[in-house]
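Mind looking over this structure? Questions follow.
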Amino acid sequence: MSATTLRGVQLPDGSRTDLHFADGVIVEEAPSGAEAIDCDGLLVLPGLVDPHTHLREPGREDAETVLSGSAAASRGGYTAVCAMANTQPVTDTAEKAEHVHDLGLKANLVDVVVIGAISKGLKGEELSEMGLMNRSRARVTMFSDDGMCLMNPQLMRRALEWVKPFGGVIAQHSQDSFLAGPGACCHEGELSGRLGLGGWPPVAESTIIARDAMLAEATGSRLHVCHITTAEGVEVVRWAKQRGINVTAEVTPHHLLLGTEELVGYDTKFKVNPPLRTPEHIEALRAGLADGTIDVVGTDHAPHAPQDKDHAFVDAKPGMLGLEQALSVVIETMVKPGRLTWEQVADRMSHAPARVASLSGQGRPLTPGEPANLVLIDPDRTATVDKAQSKSLSRNNPYDGRTLPDPVEATFLRGRATFSR
Amino acid sequence: MEPRAVVSADEMQWALTRMTHEILEKNHGSDDVILLGIITRGAPLAERIGAIAKEQGHEIPVGQLDITMYRDDLRRNPTRMPSPTVLPAEIDDKVVVLVDDVLFSGRTVQAALLALADLGRPRAIQLVALIDRGGRDLPIQADVTGKHIPTARDERVRVQLTETDGEDLITIERSGQ
Amino acid sequence: MKHLLGIADLSEDEIWTILDTAEEMHDVQSRPIKKLPALRGRTVVNLFFEDSTRTRSSFELAAKWLSADAINVSAKGSSVSKGESMKDTLQTLDAMGVDAIVMRHAGSGSVAQAAGWVRASMVNAGDGMHEHPTQALLDAHAVRRHLRAHDLGDLQGKRIAITGDLLHSRVVRSNVLLWEKVGASVVLVGPPTLMPPGVEAWGVETTSAFDDVLPEVDVAMMLRVQRERMYGGYFPSEREYIDAYGLTPRRLAMLKDGACIAHPGPLNRGLEISSAAADAARSIILDQVSAGVAVRMSVLYHLLAGEEK
């Protein structure tokens, strides 16, 4: 395998160095014959880890495949993505988990980490075989019914208890389905009233987070809060952490940047669940990510085919692309205003999500002996997003036409370039 | 070129008086006659003819006809606002005398005839025009005319009436200047 | 005007233009030949994703009385279930060369979305909980005729109470926008559970005290309350709803002279409105129906009669 030197590259701590890697591992000394890349003005981060990706395979290969989603991920600087369970069929057995795992190995662009369903068929009625999934080749540790909230508190309690012996984590889509039912598609407020769209009130999120935090405390198990979107939700997580409850929280790039006003034209590319929120919530999310209350950025990359989006707003599928512009949005909303250092970006987008998903070979420090999972970035590069250029098979890109940072120069998975400009 | 006055206020009043006489003469009086002015400027003209007839002892019902919906050039112009059609009496089996200011292509009159057909079945329809400027596109002619003013296509005949424009005056000007 | 998507997009002048033209169109209904040739050769499609016999036939008559060719397409349950997208449905009709598509859909904003996909003029015949502009226009037209018949002036300065299920009603949004634009004032009456979120930003009064506002209003507009809402927990029982918000015979007697009663229909007799109120001399409910054809003729005329935009 080849050897590479990133010459004069800036590390997240601001220091400049020559970073060498050979045979997929970071090494101390420049190996002979190493290809040198002049990295003047460039920065290296540990390869990004997405704790929340929808790859759509199996079932909706017209919207995304493991291969196309992996390509989009490496384009966005990711070296690992956690693939959500709401495929067709749902990933709720060891066999199905191994199938997705194997597709990831075959694509070989990022580590595809399988998330298993908490309940069979995401129905919220019976537990799926979480232990068998954990002991399969896919080694599943994260479980989620994402797309659906696990409403039944008794089942939630049992799930937390069940995964505790093997160090699993329950990742909850926090949406009380009574307070925010099927028609809820717009942040509840003046705009939902004006547009006549079903309101999705913040309390539908915060009450579930509070309930689940108490269940995590009672069971001594581990909870991960997916795509948190409200100030109240952040406040509950902050309280739970102060109390010592084992909870982590995630925010999406789109909830950091885009506001509910985007819905004014009923453009379904802005339909996402939970919905885009108002400025006070966006500010609370940014503050929460800055102070560490929110641990990780998760893309909730949700590709959809046009025939699932070209409907009335309420009927269109929720979700938007995220893998390719996640780092762009974090730089725009958090780094440029000075709210996150590069070390903190490395934490929120690589180290912490790797910890949440219990990944040993991802999100590691950039020190000799560690796997060479890296992303080389030009922090000052910007570009206008063109949805047609996406590596994803889908085009529901909410940033289309916006000028944003476009930092990724190259992504390396265990020393091999999986993307380079 | 300056607009050229072709009919003064006095001449207009004189013409209307003569036209009223011709209408009464043609119909052997005013029995069963209804005057309908075509909106816009035909309406006040019909009122004036009605008033002159009254001075002569003939009470003729006067109304107005809006032909907006019947125009054949609706789609060539910005949307026009329709105005109310006012029928002073049922027109079935009556003699409807249509009054317009200028008779030119005949398309306005054609629209008026179509509009009347939807409103009833008059015994006869007659046409009165204050000015006949020639240049017909359709086989239509006036029964009573105030004044013939042969004009070129690129000329514009402008009828001003006290009721709508503040003074009685008819001028000709070249269009497109 | 290229489309009629909502009252929100109309200027005050455009509203008066539509209402004034509706006055002229109204007369056609009393003529032996109820037909004007203004839209000869034009084609209007009624595309109803949701049933509404009343609105659909009103639009159909309006189109036909203007001599347009009108066809009805019931697309109920077609799109989402059959794998055809709403965009496909719209673009298929548009490709046939129709001039206007009158659309009813349960999804808020769907008509505005459609306007971005087609060449034809789009007319909103009710989109979810968003707007129903021709309903508001016909309400105004019917009230205007009532006011004129009773020598009570025009719409400016009048006061309208809109009472009932304000949360799920598309009629209320269009009406609030319209009445405010023409210089009338609106008070919304209903229980907190049926108030739209953010209603305080609409610039209208809201109250739960029906009895307090009734004696002062010129128009008491009642909205249909669906019995199913009871099971959604919006109100405890019909009895309790009627007690607080029904236009009962007792409340009917509280109306001032000249005040009228309106209802967009269909009526839930005995729930939001008593038969005594619905059939009262001051009820303009049937006038609203005839006003519907005139207003829709006016709208179609202004969208389609003039030169291509």
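Going by the order they are written in, the chains are A, B and C; count residues from 1 in each one.
The definition used in the following text is that contacts are C-beta pairs under 8 Å (C-beta built on N, C-alpha and C of every residue); 3 or more make two chains touch, one makes a residue touch a chain.
Everything numeric in this text was worked out from a predicted model, so none of it was measured.
When the C-beta contacts at B-C and at A-C are tallied, the pair with the greater total is A-C. Central chain assignment: C. Criterion: smallest distance from chain C-alpha mean to the mean of all protein C-alpha atoms. The distance from the centre of subunit A to the centre of subunit B, each centre being the mean of the chain's C-alpha atoms, comes to 77 Å.
Work out the mean CA point of subunit B and of subunit C, and you get 40 Å between them. With each centre defined as the average position of its C-alpha atoms, the distance from subunit A to subunit C rounds to 45 Å. Residues of subunit B found to touch two or more other chains are absent.
For subunit A, the set of residues that touch two or more other chains is empty. Looking at the complex, you find that subunit A touches subunit C at residues 188-199, 265-268, 306-315. Residues 17, 20-21, 23-25, 27, 31-33, 35-38, 66, 301-302, 305-308 of subunit C are the ones touching subunit B in the complex. By the touch criterion given at the top, residues 66, 68-70, 74-85, 114, 118-120 of subunit B touch subunit C in their complex.
Of all residues in subunit C, only 79-80, 83-88, 105-110, 112-113, 127-131, 170, 173, 196-199, 201-202 touch subunit A in the complex they form.
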